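The two complexes that follow have chain A in common; it is paired with chain B in the first and with chain C in the second.
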Partner chain A sequence: MESATVAVSHADHHHGPPEANQSSRIDRQTLGILLFIVSEVMLFGAFFASYFFLRVVVDPPSWPPHPYELPVAVAGMNTAILVSSSFTIHYALESIRRGNRNGLKLGLVATWLLGATFLFIQINEYVHLGFSARDLSFGSIFYSLTGLHGAHVFVGLMLLSFATIRAFRGHFGPEEKDHLGVEVPGIYWHFVDIMWLVVFVTVYVL
Partner chain B sequence: MAAAIKNPGWWRGLFGAVAFGAFGFGLVIALRAISDLPLYQTEQTGYPHVIVPAITAPLGFLWGFGCFDYWLRWAAGLPTIPDDHSQHGAKSWKDYFKFNTDHKVIGVQYVVTTFIFFFLGGLMAMLIRAELAQPGTQIVEAATYNSLFSTHAVLMIFVFVIPVFAGLANYVLPLMIGAPDMAFPRLNALSFWMLPLAGILFIGSFLAPGGAFDAGWTGYAPLSTGAPLGQSFFNLGVQFAGASSIATALNFLVTIITMRAPGMTFWRMPLLVWANLSTSLLVVAATPFIAGVQFMVLFDRALHTNFFDFGAGGDVISYQHIFWFYSHPAVYIMMLPGFGIVSEVISTHARKPIFGYRLMALALIGIVVLSYSVWAHHMFVAGMFSWLRVPMMITTLLIAVPTGIKIFSWLGTLYFGKIHTYSTAMLFALAFIVTFTIGGISGVMLGMVPIDIHVSDTYFIVAHIHFVLFGGSVFTIFAGVYHWFPKMTGRMYDEKLGRVHFWGTLVGTWGTFIPMHWVGMDGMPRRVADYAEQFGNWNLMISAFAFLLGAVQLVFVYNMVVSWRFGPKAGANPWRANSIEWQVSSPPPIFNSTEIPRVVGGPYEFGIPGAKHAIMAGEGTEGAEVPAGEKSVVGTSP
Partner chain C sequence: MKLNEAAVFKWVVIVGIAAAAVITVTLLTRPLIGSLLGLVLVIAGCIYGYRWIEQKWRELGSKDLHT
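Moving on to the complex of A and B:
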């Protein structure tokens, strides 16, 4: 094993691993988060499949079942809040690309606040709905789908907190490799937004 | 002691497990106290004060063990500790018990751990066969029997076959594509350490009141939603095993796509790499389905939701649809990596290029795509939509086409090859082709609705799954372990003992599982502790062969342990193979090579004069001393 550290064709005494060859245009972190999103989409897929069975296959006489109602207007407003946060995170990323550190901080903080507001409104909605996850399969799948999404908003907020803390500590720069720590959580945040649109349309609108 | 708690390792891991576990327990009790509920809920399936700690304690262990240390510093924006490579390589056996980010160490950790679960699962199989040797009750009650076959299958599937392939590939795949490590080494280590936790949850369920989970590895609702506490351990263990498997698959995909050596185009990748690429595609996209459905069962059990409660608008069959949407792809997750191993072994030992290399790779992709379209062939008698039967029958029969392509390609590779059978790996690979083909044919039979209706839930199914899983997956695992043993340990195993193991395993497998086809067709049901008198003789014979199969595995253990310690030194390339992992020393140098190799041709150009696969950096190759600064050309051997 020791022989390995004896570099034959190199004069320098570098003891770490050799630099891996980059065999694709996409970098590791971005590809990693994209694949992670694929598997997240499938996790939602499992719950959407369940939703399909409970609503379409079981086919109860009314949906939502009789006394229950969903506050579509509040959720619609909440949707607008979450969607606007996609623009603020985009602004943050564009800012750091141009070297505008204040824009980066502003964008990140705004995104974080919008996300937190969304989560707050959703929890408030839960409190006032008047039915629980134990009330019929409707209650179970409603809380599972929106709760699963809420958990993703929470994870997204954590990732954004990391990026925000680091931004305020002076990390990140205009070079592509220097702001992956903003770009990667940003991709995840866009996914959380788009997923919400799908959940909103399926659960509240259709 | 204080230092032991401060530094990552077993002590802090233990501390984390206890602390996080206590926190989870306290949280449940506190919340219940606030809500004016009785503090403990032990009547039904609930047990929140056990379930929550069963989630937090493993996480606490992972934290304490150091799996998250780097990330937590990074997330807080603190200066991360520069990698001093102390987490690379293993200088003594103790290093295998640490949080290590070296893919070669992790590979060995995986293989050894999963084999421990293999033997535990095997022990359960022995108990099952002892019980079934005669009609009536022998050694275990019916309830215990149900727990035994359930845990047997779960250990074998979730913590042996699926992860052992990840382990073998962890070791050889980065070497094969000329990468210094996996793309995300810390994630890789985390994936490994989640695995023993899953295994402990599965086995720990024996301690639960009401016994271990007993609803089979399929855990169908509503049997599982009303089962005692042990079932929740299954639901949770699957989450850990599943997360581990998804993280590894993601890691493989990123590694294969972004870290190939210069010149290693997709069409120059060894088939093992192709096989893991396809498997990982299946894992990333299918495994979340089992995670989702086990969450639903857990919610139904612990939170009293109504996913599968018909009286409250739930749908029972939806469990099976979602479960099989993962679990049919899962059977290919358990087979495709084995296909890759067999391709490597057969080409090397037949000294011939793979017949139809591109078609082999495309067949893998074909299987990946098709396996998402066949799930309901497990549900022909479940009372699902009857219109779905024929489409599922057709897709099931279609999937036999790419599978058949692979079998004919191996035969084409062997045809007129210089077949060397001095390696046990090759014996297992050849036996695999025959045994797997039989299992594939019984699979095609089962794909046909009328036959399936006749033999569903009989021993015919047990025969099919063991021909494809034992004769298929496990044979390829043995082939892989024997093939890369010299590379991993730097020593040769004992070929004579290898042969004893091989023939014992082959005879044991066939003797055990062939008669199961007959008793199955005559109507002996699976998953029942007792059976009609008329099957007595066959079952006695099956049990006898099963004990032979079990006993001969001890030869394997002895061979591996003793050869690892005392075996004769193996050269860099004992099988005269072409792929890159054989062009470095055995075991490979700590960072695989000092320079990334350059790939100039396909991996299987055996017998082609002047052909070469890769140009390596000057050192680490076998044979002549290479003067400093020069490169040697390797990878040609007739």
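Moving on to the complex of A and C:
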């Protein structure tokens, strides 16, 4: 009974990990997202390994296999849209660092719209491609790689939605600790952007 | 300099330039040449990235968030 009381009392007074276990080099939110991104790079790495295995080791006569074709121009335009969104989220963060709340809101809304446009175009591309994930190993790996990335864009859009709603409700400030709610989704969004550049070059161009 | 969004944004620009180089070479020559250039750039990027992380970690080590 006494030990239970002590445990409850301890829980009341203690929130989060003890100070000694926190890094003095980097705040835990930023460290968390960086470690998460490292694990995500490994996940994408596994998919790329499958892609190159199918393309190089299995060595089909043509890639993409006849009669399939990929809409490179549409994907290129989509790439430009996603790269632009990295610039807008950077603008949003630079704005809040200077205390410009309108710039933050504008940057976040623009990023969200660009991300949603990217996802819409990709879904539209899937509808009109003319092959499915069941059509050859090419179809499977194409939909796996681009779909995995699309899922990451969707998660990024959710994070941006929360950040945008908070921005319009007056959250966030110029101090570093006051805009971590935008900083962390921003880092994640840049990662999604970098991964798309690699996916686009690998799947559509090479 | 801190390990934050602005630092990661620079990597978007670096990877963007590298991707543009690979696309240009592939369109001008053959996919194999573009792939080889891509491989060289990935290896160079890994070495540069490792040094970059090491330097950032050393810089962060000289600060203390709790003070």
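Just so it is clear, the second predicted complex is superposed on the first by the 183 of 206 C-alpha atoms of A that agree within 3 Å, B and C clash if a C-alpha of one lies under 4 Å from a C-alpha of the other, contacts with A are read in each partner's own complex, and residues count from 1 in each chain.
Just so we're on the same page, contacts are C-beta pairs under 8 Å (C-beta built on N, C-alpha and C of every residue); 3 or more make two chains touch, one makes a residue touch a chain.
Here the structure is a predicted model, which is why all the values come from computation and not from measurement.
S.K.: Who does A:H190 touch here: chain B (first), chain C (second), both, or neither?
M.R.: The answer is second: A:H190 touches chain C but not chain B.
S.K.: So, does A:F200 touch the first partner chain B, the second partner chain C, both, or neither?
M.R.: A:F200 sits against chain C, while chain B stays out of touch.
S.K.: With both structures fitted on chain A, tell me whether chain B or chain C touches more of chain A's residues.
M.R.: Looking at chain A, the partner in contact with more of its residues is B.
S.K.: Between chain B (first) and chain C (second), which does A:S86 come into contact with in this model arrangement: first, second, both, or neither?
M.R.: In the superposition, A:S86 touches chain C alone.
S.K.: Tell me the contact category for A:H128 with respect to chain B and chain C: first, second, both or neither.
M.R.: A:H128 contacts neither chain B nor chain C.
S.K.: Could you look at A:R98 and tell me whether it touches chain B, chain C, both or neither (first, second, both, neither)?
M.R.: neither
S.K.: When the two structures are overlaid on chain A, which partner does A:F53 contact: first (chain B), second (chain C), both, or neither?
M.R.: first
S.K.: State whether A:I26 touches chain B only (first), chain C only (second), both chains, or neither.
M.R.: both
S.K.: Once the complexes are superposed, what residues of chain A are shared between the chain B interface and the chain C interface?
M.R.: After superposing on chain A, chain A residues 19, 22-24, 26-27 contact both chain B and chain C.
S.K.: Would you tell me which residues of chain C are touching chain A in their complex?
M.R.: Residues in contact with chain A: 2-6, 8-9, 11-12, 15-16, 19, 22-23, 26-27, 31, 34-35, 38, 57, 60-61, 63-66.
S.K.: What part of chain B is in contact with chain A in the complex they form?
M.R.: Within the complex, chain B contacts chain A at residues 74-77, 83, 85, 88-89, 91, 178-181, 183-184, 246, 250, 253-254, 257-262, 264, 284-289, 291-293, 295-296, 299-300, 303-307, 309, 312-315, 317-318, 321-322, 325, 585, 587-596, 617-620, 626, 628-631.
S.K.: So in the complex, the part of chain A that touches chain C is made up of which residues?
M.R.: Residue list for chain A touching chain C: 19, 22-27, 30, 34, 83, 86, 89-90, 93-94, 176, 183, 186-187, 190-191, 193-194, 197-198, 200-201, 205-206.
S.K.: Taking the touch rule as given, give the residues of chain A at its contact with chain B in the complex, in rising order.
M.R.: Those in contact with chain B are residues 1, 3-10, 15-24, 26-28, 31-32, 35-36, 38-40, 42-43, 45-47, 49-50, 53-54, 57-58, 60, 65, 133-134, 136-141, 143-144, 162, 165-166, 168-169, 171.
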